[in-house]
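There are two complexes below, and they share chain A, which is joined by chain B in the first and by chain C in the second.
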Partner chain A sequence: MSIGRAFRAMPTMLRVGVAETVAYRAEFLVWILTTTIPLVMLGLWNAVAAQGTFKGYSQADFTAYFLATLIVRNVAGSWVGWQVGEEIRMGTMSMRLLRPVHPFVALAASHAASIPFRCVVALPVAFILLISSGGSSLATEPLQLAMLAPALLMAWLITFAIMFAIGALAFFLTRAMGLFSLYFLLFMLLSGYLMPIDILPGPIRVVAEWLPFRYMVSFPVELMTKSMSTTAVLEQLALQVGWTIASIAIAMFVWRRGVRRFESVGG
Partner chain B sequence: MTRYLRLAILQLRISAASGMAYRADFLLGGAMALATMAMTLLPLLVVYNVVDQVEGWDAPSALVLMAYFLGLRAVLEGMISPSVIDLTERIRSGAFDYVLLKPVDAQLLVSTSRYEPWKIIDLVGAIGLVIYALAIRDKPVHAVDVGLGIVMFLSGVIAMYGLWIVCASLSFWVVRLDNLTFLLGSIFDVARWPVQMFPTAWRVIFTFVVPVALMTTYPAKAMLGELDARSAFATLAGSFVLLVIGRLVWRTAIRSYTSASS
Partner chain C sequence: MIRARDLVKNFKVHKRPPGFASALRSLFHRTYETVKAVDGVSFTIERGERVGFLGPNGAGKTTTLKVLSGLLHPTSGEVTVEDHIPFKRQTAFLEKITLVMGQKSQLIWDLPPAETYALNRAVFAVPEAQYKATLGELTELLDLGPLMNKPARQLSLGERMKCELAAALLHRPTTLFLDEPTIGLDVAMQLAIRDFIRRYNQTHEATVILTSHYMDDVVALCPRIIVIDAGTLIHDGDLRGLIKAMDPDKRVSFTLANADDDLSKLGSILTRDGQRVTLRVSERELPGVVSHLLGPLAVGDLAIEDPPLEDILRQLFGQRAKEKESPA
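Moving on to the complex of A and B:
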């Protein structure tokens, strides 16, 4: 596969992605609405912080944190793994293999096309965030906010690549569903989705600092809600770049090993 | 009546047999159940490490409530959801015809059609959690409260079933609706916290519109011996009303069923 060819096909693939999102708009909206966990968690932490700050978090801080989490999850979330797993199980993956573009690129284009639509949903939330927490719990450094766009992009890439890799495990196992539940448990615990990483119990926090999960949610959220020094921002960003490359490499590795064993069943 | 009971037991046996066939899945399911439970409990552990009580709920009572949530979720994922997913599938494919042809009540047949047997592990975990929570709470446990708590758990199951049947019935009109039950499932996540933790407007919604409070908050209070007779009666009545609404919507919906098969 040549990169030039994939590049030339990109506009078409993006257009197809947009058309798919529009065609399934009702389902798309419902999927967005099912992202309620940050709001459920906000309910608990708000009640807890009503009696005074909790480990340095006030009610406004919690509100800002979980609304930012909701935005990040909406923009950078991905469920491509289900699609890959299903297509392998049903044999329809063979159709993608016939095309001259790597399925990773094709699927990435199709999913990337839905991101602007998800932003439309996420932006009103961003407004509520700004108004409700009065800006006091939001970061203001221009450099930090400028880094938000690349951080979100890489958060999406890491999520996408890891989901893709888990989906590709369906080449080796027939039932990948259990793996998704396991992955989602780890993700919830270590990404800052349930609670900010700095209030996790000690040992779990240490693990969370070292694994890629925090770069899927927590890091972009911190960019929005926490003032950080320039060196800290750049250091974190460098680590995020590292994890992005690593997760794409893992996805490619699993895919290449798996696709050799692929046997499509059915006509 | 006994005929229906026998039928339900038979369907349960079939599901259990097909579930046990995948032994590795069964074990994985058990391990996942424990991990999920630990994860669901984690925020409470973090919170009650620092504070003594939140909105009038101390650690043991919050654990009892959480146990009700876990128990209900086990029933939901073990019995109600699988059957509802099965139903939407049959409506889409037209296989619902065969259900209607059978000489038993269609709603009953559908509601007991599919089980996930390993969810029983979650249910056992939830019961264990209640016992643990009551043990670390230094108040005497009265048999009456436990009895009422169990009755209220069943009432919560009935309320949940009523709500899900309404949702499932909608798929007779709008075929692609399995999404809506996912949405309902996400809203049900709210039930893990006492309804008192939410701002007033939400409290009203969670009590009267999507009555998750009827499913966990009030039953847990009954088990804790903190529920007055009037609220207990109102909760039971609310669940009954949901069951009746579910039945009525089902009856209306089934009339507009037009088979999808040839």
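Moving on to the complex of A and C:
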């Protein structure tokens, strides 16, 4: 499985990925449904902040935060784990193993191809965000805005890699799907998806700061909505790079162990 | 060329008796049983051969095929396919082989086959000119034209299989592993697929290894047959040899002119349905029997055939099952 091969095949893999995005309408629907949670949270936290600020967040701040969350999740979400688990369970993963491109790369290409479509959906939300907040709850530092694109890309990579790793657990467990529920629970609580991390209760907040989840949602959202010092931005970016590498390494580790087991026990 | 020497593949199977208590116990303590799926099989297959793997369900045919194609790591023994060690799945190896499983699809479900082909062209780095030529050839031979732009999910089973074959052959592999490629297909489609496989084998001098539940497929396609039962190789050779060894007698069928003709001296009667009779006759007695049938008895619709392969195999496996039961 050569890297050069994957690189040269990339344009075609992306093009077919685009065709898949358009064809998999059911998946699109699921994705739209799941990504409306930030809107629910927006309403909820706005009610909480009705009588003034809550832990430093005004209604406008919450609105900005959750609209930004909606954008981040649209762009950087990934559900690849379901597909990986399903293909392993059904045995069609065998077909992927016999192609000279690593399934991680092939699936990443196929899923990355849908990102432009998701951006199209996210853009109007971004527009609403700009008007509704009047800009008062948004970050304006050029560095933060410049770092948004790489932060979103890495957020997607971390999410993709961790989902891929959980899906690959299907090599070991006949029902890996239960793990997704556990994962989503942790994700929603610790990524900033349900509430900003800085309003989490003390100990949970400390945990959240040290886990990769915040780099999937919270960090890009903070880049959009919070005024940060240059040091803080760079420090967070460095940590995100670290988690990106670590997530991919974990995905590769689980994958390799899984394939080895698959080779010995069959699918 | 394919070489397998003393190939062994064991699976560890988690065993637990039924019931809630044993389910709980198995959470903490699991007992495993080793199942020998392939137990010391050796063979050599030369380039361009067409070989049929036969055996009852669970005999180890698919396991052998999966080891040969690199999906399974052998427990012991040596396997090389075109000078590669399959389970390493090196790019150079993957470009030379293909695996078609009748039960599993590589087509992208919601997209037309053309998209899968484009993807395969890219990942197998097939040069554009060769891709066009191969796809043109496959389209013509398999009559893919009208299917090319229909989403795979809308294809019938037979249409899908044709598209699967094309997807599997676009990179012009020289070794084909075909696991039940005609499963669930009607007779016309089976014939079409069979013809196609033979033609591909001849034009590209490709090695073909086939498993099928349809004996007709195997008889029509494979001059050489490897019979596997309970993980061991019990016959490797041509079809005639197998039939000769197991049951050299011919089947003679005919329609009697008079229903009450005496057949008792002509051999054993296998079936008799009104005036239609099938006899079992040894080769030595065949000329005498035939001349008697055609002469004094003046029978019609005479046919002389080998015993059906199904019967031979039933006999073969039955015999072995008996051997296993008696601790001789």
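Here, the second predicted complex is superposed on the first by the 255 of 267 C-alpha atoms of A that agree within 3 Å, B and C clash if a C-alpha of one lies under 4 Å from a C-alpha of the other, contacts with A are read in each partner's own complex, and residues count from 1 in each chain.
In the analysis below, a residue touches a chain if its C-beta (ideal position, glycine included) is under 8 Å from a C-beta of that chain, and two chains touch if they have at least 3 such contacts.
The shown structure was predicted, so the numbers you read here are calculated from the model rather than taken from an experiment.
Contacts of A:Leu182 after superposition on the shared chain: chain B is touched, whereas chain C is not.
In the superposed model, A:Gly56 makes contact with neither chain B nor chain C. By the touch criterion stated above, A:Pro142 is placed in contact with neither chain B nor chain C.
Of the two partner chains placed around the shared chain by superposition, neither chain B nor chain C is touched by A:Gly202.
Using the contact criterion defined above for the overlaid structures, shared-chain residue A:Thr12 touches chain C, although it does not reach chain B.
Of the two partner chains, chain C is the only one that A:Ala23 touches; chain B does not reach it. The residues of chain A lying in touch with chain B in their complex are 26-27, 30-31, 33-37, 40-41, 43-44, 46-48, 50-51, 54-55, 175, 178, 181-182, 185, 188-189, 194-195, 199-201.
Of all the residues in chain C, the ones that touch chain A in their complex are 11-12, 63, 66, 69-73, 75, 87, 89, 91, 94-95, 97-99, 101, 103-106, 108, 110-111, 115, 118-125, 151. Remark: chain B residues 25, 28-29, 32, 35-36, 39, 42-43, 45-47, 50-51, 54-55, 176, 179-180, 182-183, 185-187, 189-190, 192-193, 196-198, 202 touch chain A in the complex.
Across the interface of their complex, chain C is touched by residues 1-2, 5-6, 8-9, 11-13, 15-16, 19-20, 23-24, 90-92, 94-95, 97-101, 106, 260, 262-267 of chain A.
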